[in-house]
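Just dropping this structure here.
Note that the chains are named A, B, C and D in the order they appear, and that numbering of residues resets to 1 at the start of each chain.
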Amino acid sequence: MALQQQAQVLRLPTAGPNDTTALAQALDRGLLRADEIVGIVGKTEGNGCVNDFTRGYATLALKVLLAERLACTMAAVEQRIALVMSGGTEGGLSPHLTVFCRRKAEERLPDAGKRLAIGIGFTRRFRPEEIGRAAQIRETAAAVRAAMAEAGIDDAADAHFVQIKCPLLTQERIGEARARGADTATQDTYESMALSRGASALGVAVALGEICAAQVADAAVGSDWSLFSGVASTSAGVELQRNEIIVLGNATGWTGDLRIEHDVMADAIDLEAARRALSRLGLAAAGQVPTEARERIVAVLAKAEAAPAGMIRGRRHIMLDDSDIHSTRHARALVGGVLAGLIGDTMLYVSGGAEHQGPAGGGPVAIIARVGSP
Amino acid sequence: MALQQQAQVLRLPTAGPNDTTALAQALDRGLLRADEIVGIVGKTEGNGCVNDFTRGYATLALKVLLAERLACTMAAVEQRIALVMSGGTEGGLSPHLTVFCRRKAEERLPDAGKRLAIGIGFTRRFRPEEIGRAAQIRETAAAVRAAMAEAGIDDAADAHFVQIKCPLLTQERIGEARARGADTATQDTYESMALSRGASALGVAVALGEICAAQVADAAVGSDWSLFSGVASTSAGVELQRNEIIVLGNATGWTGDLRIEHDVMADAIDLEAARRALSRLGLAAAGQVPTEARERIVAVLAKAEAAPAGMIRGRRHIMLDDSDIHSTRHARALVGGVLAGLIGDTMLYVSGGAEHQGPAGGGPVAIIARVGSP
Amino acid sequence: MALQQQAQVLRLPTAGPNDTTALAQALDRGLLRADEIVGIVGKTEGNGCVNDFTRGYATLALKVLLAERLACTMAAVEQRIALVMSGGTEGGLSPHLTVFCRRKAEERLPDAGKRLAIGIGFTRRFRPEEIGRAAQIRETAAAVRAAMAEAGIDDAADAHFVQIKCPLLTQERIGEARARGADTATQDTYESMALSRGASALGVAVALGEICAAQVADAAVGSDWSLFSGVASTSAGVELQRNEIIVLGNATGWTGDLRIEHDVMADAIDLEAARRALSRLGLAAAGQVPTEARERIVAVLAKAEAAPAGMIRGRRHIMLDDSDIHSTRHARALVGGVLAGLIGDTMLYVSGGAEHQGPAGGGPVAIIARVGSP
Amino acid sequence: MALQQQAQVLRLPTAGPNDTTALAQALDRGLLRADEIVGIVGKTEGNGCVNDFTRGYATLALKVLLAERLACTMAAVEQRIALVMSGGTEGGLSPHLTVFCRRKAEERLPDAGKRLAIGIGFTRRFRPEEIGRAAQIRETAAAVRAAMAEAGIDDAADAHFVQIKCPLLTQERIGEARARGADTATQDTYESMALSRGASALGVAVALGEICAAQVADAAVGSDWSLFSGVASTSAGVELQRNEIIVLGNATGWTGDLRIEHDVMADAIDLEAARRALSRLGLAAAGQVPTEARERIVAVLAKAEAAPAGMIRGRRHIMLDDSDIHSTRHARALVGGVLAGLIGDTMLYVSGGAEHQGPAGGGPVAIIARVGSP
């Protein structure tokens, strides 16, 4: 019988977007191995909007470090490790990197039930006219299923967080399509980010059976908010033309002491959703998670957005009318506060722009924790 | 034996800083009487910083309405009603007005134990050189004690929230002092806001015996953060030259079904402090306050600030290094999220700039709720 | 033969949005008469975007003052005086009010050629489905022609600045239309501001023969930037449902020493356009306008916008990619700097959002100056 | 007789902070040689304040490119090339890099009078307690003189722009000093940036005889604004502990067709100062610089700041009261507009934070232009 795999998750603080010191030290001390890293999901301190250069800066600094440690080119680093940076640490959120590693166990370990499993997947490159449309949904669904299969996650109910980095349209790409007589979903590059995120999330929903493929015509993307995935977390970047996928779930065939659970926040202040996820990890508490339980928590991953109707439980919010601070910034601060109050920690991954990721105004929240070794 | 007094607290949504519709309707419907209003504490949607004109705009709109309803001048409105507007509804906070009324009970009611009591007080006008210094502390302490006595709050432990509006220095006032050979605490008008807030909070601390008067030299204001009040909430405004004080506590001699409790958040994510206050009101819950209990809550009042050391429980926050969004805005969003997650409501009064109001990085939180009529 | 009319223009500094001190003093000193004021055009220091409450605050403060001075209600003030507040004093722009008055000359004066003439006009109220469409264009054109006729401006070439305040769509208005089965030009209330400004500007263009009515289908509004007026300056506000129009031009039948000229800036740095306008007023200079000439200038009125293509003369600008500062704020700062450098004064009216007001990336600039009494 | 030196200045657009494409192409095409680059001065599109990471991002991207082209380490790139990035392209300013190269002429050329000369200098490393004080002034003065001597700039009147990158205090550095019993000029790291910039500028003033060394006690730094240099442009960065100096002037011994001139803007709208500099370069014009002259201009370098008294020529500005947009951002936008209106170009280097760099509210402006080859 094959050796099990083992997932490792390290959460490391940063002192700035380019700060790779904690990662370098962890590598130096042998806490993790560079060649076992499959993904790094980071929170950087930019505005998380169009002119947030902290994402690219963090990515460049990580590539410089990892190219050195892996003795390869920076381009090769990008090929082997999914680097997903999300900007915005409003409120009290603390900038950090979460490093995902995967290795073969060194010896056959006793069966421990399902443990954290990490699957990686990629779609083919998209043509510009496919972005934000059914083609992107379909290909994403296929790639998510493949990543689940590769990780041995057999049951859709065992997939708890699917992080996707997806492409966007640029003026060049729109022009290239037009030259071929093809029409893109939008002419607006900013809007293309939302459409690409939305289509990618719907791809996850299709893969996991949350919605039927037949339900999602092109027109639903970015408009029919009743269609959503409860586990998708997607972000668009200019630097790629395909979707890159990290599936986090629980599966047999994996060992170690980590498990992941999730739930769906119905709105931005739905504390109870996070408490249900905690409860499934055996970390239930009245009030704030106590110290001992908190120390078992390895990562908290959530999506946030301003309720489109301008109301949270009948109370007006001002996020969508604020021309000084973008609504995604308000939303991250709010959800960050809700979760930090519960968890007692501000080093949380809360990402904005939750199109088709959870219901309108809400979003998925996933928690990875040490549940005891086999 | 004298008739009891009765406090009334109405929380009203606003659709903008100048929206007095809900208050006008409440007056029209007889839900409250204009001549019983003693104070209005509002959250407006400006930035809460220097160029926040929503505070003044709300104040002007309220004065226009109340002058009409009270058939007096706008100047007279200001004399009889404390209008305290606090800017900043970051995250999900919902702009609103909390209206405080006071009336004689119409008949002698059975004793119900201590009930919400409202005391109003004023200091004399301060000379510019007194602001932010021992004189302001001393006079504030005396006025707080007087307001407590007037409200029948005998025990310092029964004072749960002391809202103060205090003056600041302007170039004119600094110049006037200098012309007399007097030196002000600062030449910087912005800094004078912090010093005035701080000295006013220390005045509360002295009045309530939280610190001894002997402890507070001029130099402690704005520097020795170990000295603080756990119930003070102060804000500085250009439009006055004295301190205006609203003391909220519980006292015999008051009837109705309202009580107030408070606790001190040790840091911005100290959910447990708010839970303790809820618990004393009989509203304890394991997670988010359930609907029925939530409907008993009439007001939530809290102060927020960025931890000066740049850390929350050892995690770096970026509030103090952010040149796009002022730290007070981040802090309100964060504390607003923490409390909204607990209470299940975003219509909260969270105010920034908590010098000597709770410990560094923390602040008082007070809750008023209906606990059952006598 | 009829007595001439006389226009008076007073530019008054403000110390804040609600500061009406300079206006009150001018009234007290008899520099102008309240009953001769026909319009006040102000620059306030808000962000000029959705949540700019300084416009409303200034308007309310002016209504309070003028109601007192005119011994009428605040509603009556609004009926008789066009109050147009434009937010945003980025860069060095200095907040101020420009007060326009109109009176009969007290005696027949010798003919002085054409002098500054002020015409006021109003459209009927628009139904929601008319906003941003041909109906708004057509009615605006008619009202502009009527205002010109009323002011005696016979020749389109003599109309140099047409300031319009126009309505926008709200969720309520959209819903009301839908209930009648009518479709509005947009569902997006923010976008409706741009469409209303654009249609109003096209109305000016039609009135002045800059474009033919036949050219402007609904679809052109907000999309065909080749259609524009070189003298329109429009701003949308929630508080009205019709268009209010101030036409500034030169006409016989008016006396005094004021004249107005304008030109069209082809882009944001088109200094030469402003120099041409100065030249026509006899204020040409090499370099910055010298002190003596500067003192003859009574008002400078301009529109600004970020070049939609992201370039100014082939150089990339970042205004449209900045998620911290709205592009209209950058554009006002830039055009404000260009004009302040030329004029040697920062008390300029530079307004953002120049849809169909001048060419894409450019806008009208008008100057009123004292050219010598008859 | 020795061969002359030749300065080369290339202004290259960037599409983002990390965009080195234009530089790479210029190197590929042989327009410049990597080993002749002595300094790169860039404008990046961040906020120019504390959390502006575009400076570091641009620096890292340049180091990656230049290490490759020079076949050396990134650390070695930093040793040989002064990389000075200044954040903030508000208004219409266009992000770009200005690359300064220096080479020996290939053959002896006829004498052409003084031509653009580039001198590079460094101070020793400063101890934390020296920053912002007389020691930094004195050492900077010596290093500026040395850089002038090295470049053959004999006459102080021939030094037209001195760009300095200087260190700042961090908590670590302050602590290290304190451990030795030494006291730093400030405990506030942000304030240390201003003090270091100020002391560095005063060092330039001393070197050029603009002020006497005897005039400048520690206490003058950051307080006595009557002391300033008309050619200094300084910026503080965390990545160095010494001052790095680029002196730009005119000198014999240099050939080519470039010259530099400068003047001092008395306030932010002092167009005439820039016109005087243009005039000395033979580029005088009545209004905007015409196309042919504009094409001779190679770089425009200026400093900007908000007038500390809150007024520009008696008109109130709001820069210092704006809690949404930092005053340095307003000031760059304003001065950028003034100069873009004159030059007809937005690719200008306008840098904020002008302590002791020009008079209060003003600053130096220098222009490099092609004046014709020998």
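As a convention for this text, contacts are C-beta pairs under 8 Å (C-beta built on N, C-alpha and C of every residue); 3 or more make two chains touch, one makes a residue touch a chain.
These figures come from a predicted structure and were not determined experimentally.
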{"item": "Any chain in contact with chain A as well as chain D", "value": "B, C"}
{"item": "Farthest chain (mean CA position) relative to chain D", "value": "B"}
{"item": "Chain centre separation in whole Å, for chain B relative to chain A (CA means)", "value": "40"}
{"item": "Interchain centroid distance [CA atoms averaged], chain A/chain C, Å", "value": "48"}
{"item": "Junction residues of chain C, two or more chains touched", "value": "45, 47, 51, 318, 321-322, 324"}
{"item": "Sites on chain D touched by chain C in the complex", "value": "13, 15, 45, 47, 89-95, 268-269, 271-272, 275, 285-288, 312-313, 315-319, 322, 324-325, 329-331, 333-342, 344-347"}
{"item": "Residues on chain D engaged by chain A in the complex (per definition of touch)", "value": "16-18, 45-46, 51, 53-54, 56-57, 60-61, 64, 324"}
{"item": "In the complex with chain D, residue positions of chain B that touch it", "value": "47, 49-52, 318, 321-324, 326"}
